[in-house]
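Presented sequentially are two complexes of chain A, the first with chain B as partner and the second with chain C.
On to the complex of A and B.
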């Protein structure tokens, strides 16, 4: 033990000196993400986007004459870790702001600590409404779940579909929330809900519900569920001769959707944060840079990670300081930020008002359809 | 023996009370790690009673932790998370209630399933862990899949380590009491124990109930430290972590198990630190970045080199 201490202490002193010298000309930003574990695919993606943004900011001269230093910590997709990491960011690294996480349960654990320490936190993709309710230092740059219901209702009306049926997953807050907002907007603007049916996560047979929906002869069916069930619903709908388009939200995005559904979902539409096929110059520029850096196509998590870091950098510039309260105010004042995932404005609840992207399914892939503003 | 450990327990409590104010001044990050160590110690020590001393194989310890965490959080939230002395009383009451709830769950799990042995028991406990997790995921008043937050930060250095000392003290004294020798007998040879008139099923149930009680205590401390709990926090991964602490420390060796709990809680943070050291060569930092691989590798190496446990001096007791 004594040997250990005698070896360690000079090492620690050197490290402390080295880091404090470097800290003078850098602004530190903490990022926590699930780089390993169950949510690793989301975490890796958002981290790559965030990293790309920080590199771009520094290449363009940084902010306030200093470079940004991104300190990334892996929370292993484990509960308990985000709290520890954020404590480290604030107490040890002295970060000016925290970026993270994708999963709402991780953001909810970190948020109270950021709030207590008056360190702004920006979540790239936590959609649970409770996240930003923690306090006025907590922001998000993705839209919250219910918004997608409104977007799809708008889209359906624009397509001239007046009679729509709804099939909800009653086990998921996500699904129930989307359905509520869809019905509210749709009926308020002249549409008619001809039939509502329910199912539960894990169900395999949807024929009874689909048969009942078919009898109502809808123009389209809104199915705001997750991909595992939606794939089966699409397949069984076609077997029953139900040929109308299905509509959904970002819960549809999953590798196995098209593997299971085959071509039975062709002609269906769902809302999403981002599409790499969007022809707008900002998106295409981002996709090209991302491919050059990582040799892969960015997904929505990467785009949201990128936007979260960009919004933070913009806010630091506008605030002219990295002091917590002023930086918070600057982030809250974010208006019409030209992000990769659309023009982002933060509202009084610190949530993002921004457009959604609508994708369609064709030829065994997701194709960009259009952008719907809020 | 018993009187000596009483003295040790009181001295430890006194030392904690003296040290506690000083610990309050360290950085919140280190404070977080220190308290996490204490919670891990309670979990490992309580599982040690079941897996170590009594020789059963439970893979569901996180389930009992969940019961304690949720029950105590529900109570303190109901009480409106008061501050000051009232808060301390509410917290102590909630911790106790959470532990009792966990103990009752342990009893409910133990009574029907402890006629099983070895692998079969392991599967059943694993199943119960998932049932508890699944039940919470569907319980609206407990936040279901959204998680439960807003608890007051009642847990501190003193409460955690006082509970850890209590856990070690109770379990240590229990297995050394006349009654408690039955746990060791159940571990050593169940048939021989039965033949001299010990009701081994009763001992197993007792081990589960007491072990679950302290796991519930750890859960309550955890919930009021992190201030946010989620069903995913109490899944199989957490159960496995605790099992690893017990095995690495040497089954049935209390000091070893506590040291292993501390080591395994600190190790990932040490590797995190190493991965950021600027003067290390790039490749070495990259290796440390993949700290979970190193962590797992260390476990494999230790198990091959020291199957009796890292901190056990004597060779392991032969397992039946």
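On to the complex of A and C.
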């Protein structure tokens, strides 16, 4: 045994030295995403966008003379996983910053751990206000639920819809938040909420809820859920003879939305961050690069994933170091970053103020409807 | 009034699915006295069998959805599930048949986890869109039926209930009118006596697993027609609900399983429609606890005296 140890220990030391030497010429960034499971569409998209950004940064010479190394872990869309993954990022991989997640409830799990360890975390697309309230190391580069809920309430009123029903996913902080702010603005400006109903992530049968909503005869139904359930809700609503438009938020964005829903969501509207139809050169350049790399059209989550990595890289450059406190200050100082999803300036609450895009669903695709400024 | 009736229709359609799965639980319990916790995952495999069979099968009957194609997909999925059920019994449960019952129970949980996680590995964990087997639409009801005329009954709901009823009648025939059915009943009444009378234990148990799994497979395809989004973990919740249905009706009792399934379906629809979906699962599981406390043999079950 002693012999074994004496032989092994020099080997181990050499291995340890080699890995730490290799680690020094790379800056490690942790990314957690729902690559599989119910929110896989989000995770796959944001991951592809993030990866594209990291590749672009490294191709342009990296930051501080080093390449960025993206370490990606799949949280399988399961509660409990983000905490474990982020612990691992910080304790084992020694990442300098964390990118993730799309779903607010996942980001809320990871945020306290990053905050405690003074590792900056940038969420690409979690819109629930609570996410950045966790602490001063937590950032996001998207707008927040109050804005998104308000935008859709304004939109509904502008369309002349006075009686709206609300169908909320009670298991998602995101959905509950959006519904709250929608209802607040809508009722304060002359609208009436004729019925509220709820469901839980993973439900497949929504006919009981939809039957009860139908009885209230709404002009439109606000469904601020995620695409997996919204697709089935759309389909079952049409079967039950509910023909009013459905309204939603950026949780609708996912390529499986229309695959499952078919044409049953035609005439519905939702708010989001980005439209690939946007003619601005920055967007078109990004869309072309993304198509060349992945042979598909990027959606919101891809654009936000890309922006999140770019903002991090830019902050590392400005900070001149990857040390937690200085990096945090640099990210907080982000101003007028020309992102794919609009000009990004982080405010004192570490949220981004940017315009929202409203898309409509027509002929089996998302079509640009209008842009709403904050 | 219409809304209430509509909720009953919704609940009945969901209850029919639970009934089909519950039958498998109850049949296997009847002959083996153990709960096959992997049964809900056979239901999931049925949905995936349909998912992979559908494109090629539908092509046989023209391009789009067709009844003949749907029927063939249903039968194909049932056959595959029967085969899987038989293989599971042969590999996992038969070697343990003489061990304490708890061993088989724990094995069943292991098989269940294997199917769920193997399914995620094999099929991918993200939800898949189930292809349209039929063109689903709401049926036009005659105007003269009072509050009934305003109901929305979809083709898929009628189809699910119709096929469920058909399968129930067929099952009843098999159990009550065939020799194998007689052997099944004999085995559930008294295994030792049945064997002494010449019942081939292995064969009957194999047949029971095949039949129960085929019904679960049918339920998997039928639910996917109504709710065309399937994933490898879809069997967990449906399996648990069906298990409760089987216990509610009286485990080991075939009509009881159907009654339990329908009651659970109706209860769920009414709780969601009139209370809140957050109370749905707590209330359904509370039913399980209440039944176990106050009527452990279930609604239709008979209390069996333990012989000392």
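Structure notes:
Please note the rule applied: the second predicted complex is superposed on the first by the 220 of 374 C-alpha atoms of A that agree within 3 Å, B and C clash if a C-alpha of one lies under 4 Å from a C-alpha of the other, contacts with A are read in each partner's own complex, and residues count from 1 in each chain.
One rule holds for everything that comes next: a contact is a pair of C-beta atoms (placed from the backbone, for glycine too) under 8 Å apart; a residue touches a chain by one contact, two chains touch by 3 or more.
Note that the structure is predicted; figures quoted are calculated from it, not measured.
In the superposed model, A:108 makes contact with chain B only, not with chain C. Of the two partner chains, chain B is the only one touched by A:128; chain C is not.
Once the two complexes are overlaid on the shared chain, A:333 sits clear of chain B and of chain C alike. Of the two partner chains, neither chain B nor chain C is touched by A:373. In the superposed model, A:71 lies in contact with chain B only, and not with chain C.
With both structures placed on the common chain, the touch criterion links A:92 to chain B but leaves chain C unconnected. Of the two partner chains, chain C is the only one touched by A:215; chain B is not. In the superposition on chain A, A:80 makes contact with chain B only, not with chain C.
By the touch criterion stated above, A:207 is placed in contact with chain C alone, chain B being left untouched.
The contact surfaces that chain B and chain C form on chain A in the two complexes overlap at residues 36, 76. Considering their complex, residues 14-15, 18-19, 22, 36, 71, 73-74, 76, 78-80, 83-84, 87-88, 90-92, 104-105, 108-109, 112, 128, 130, 134, 173 of chain A touch chain B.
Interface residues of chain C, counted against chain A in their complex, comprise 2-3, 6-7, 10-11, 13-14, 120, 124-127, 129, 136-138, 152, 154, 156, 223, 226-229, 231, 234, 237, 268-270, 272-274, 276-278. Every residue of chain A that touches chain C in the complex is listed here, in rising order: 36-38, 40-41, 76-77, 170, 197-200, 202-205, 207-209, 211-212, 214-215, 228, 231-232, 235-236, 239-241, 256, 259-260. By the touch rule above, chain B contacts chain A in their complex via residues 27-33, 36, 144-147, 149, 222, 226-230, 232-233, 237, 268-269, 272, 276-279, 289, 291-292.
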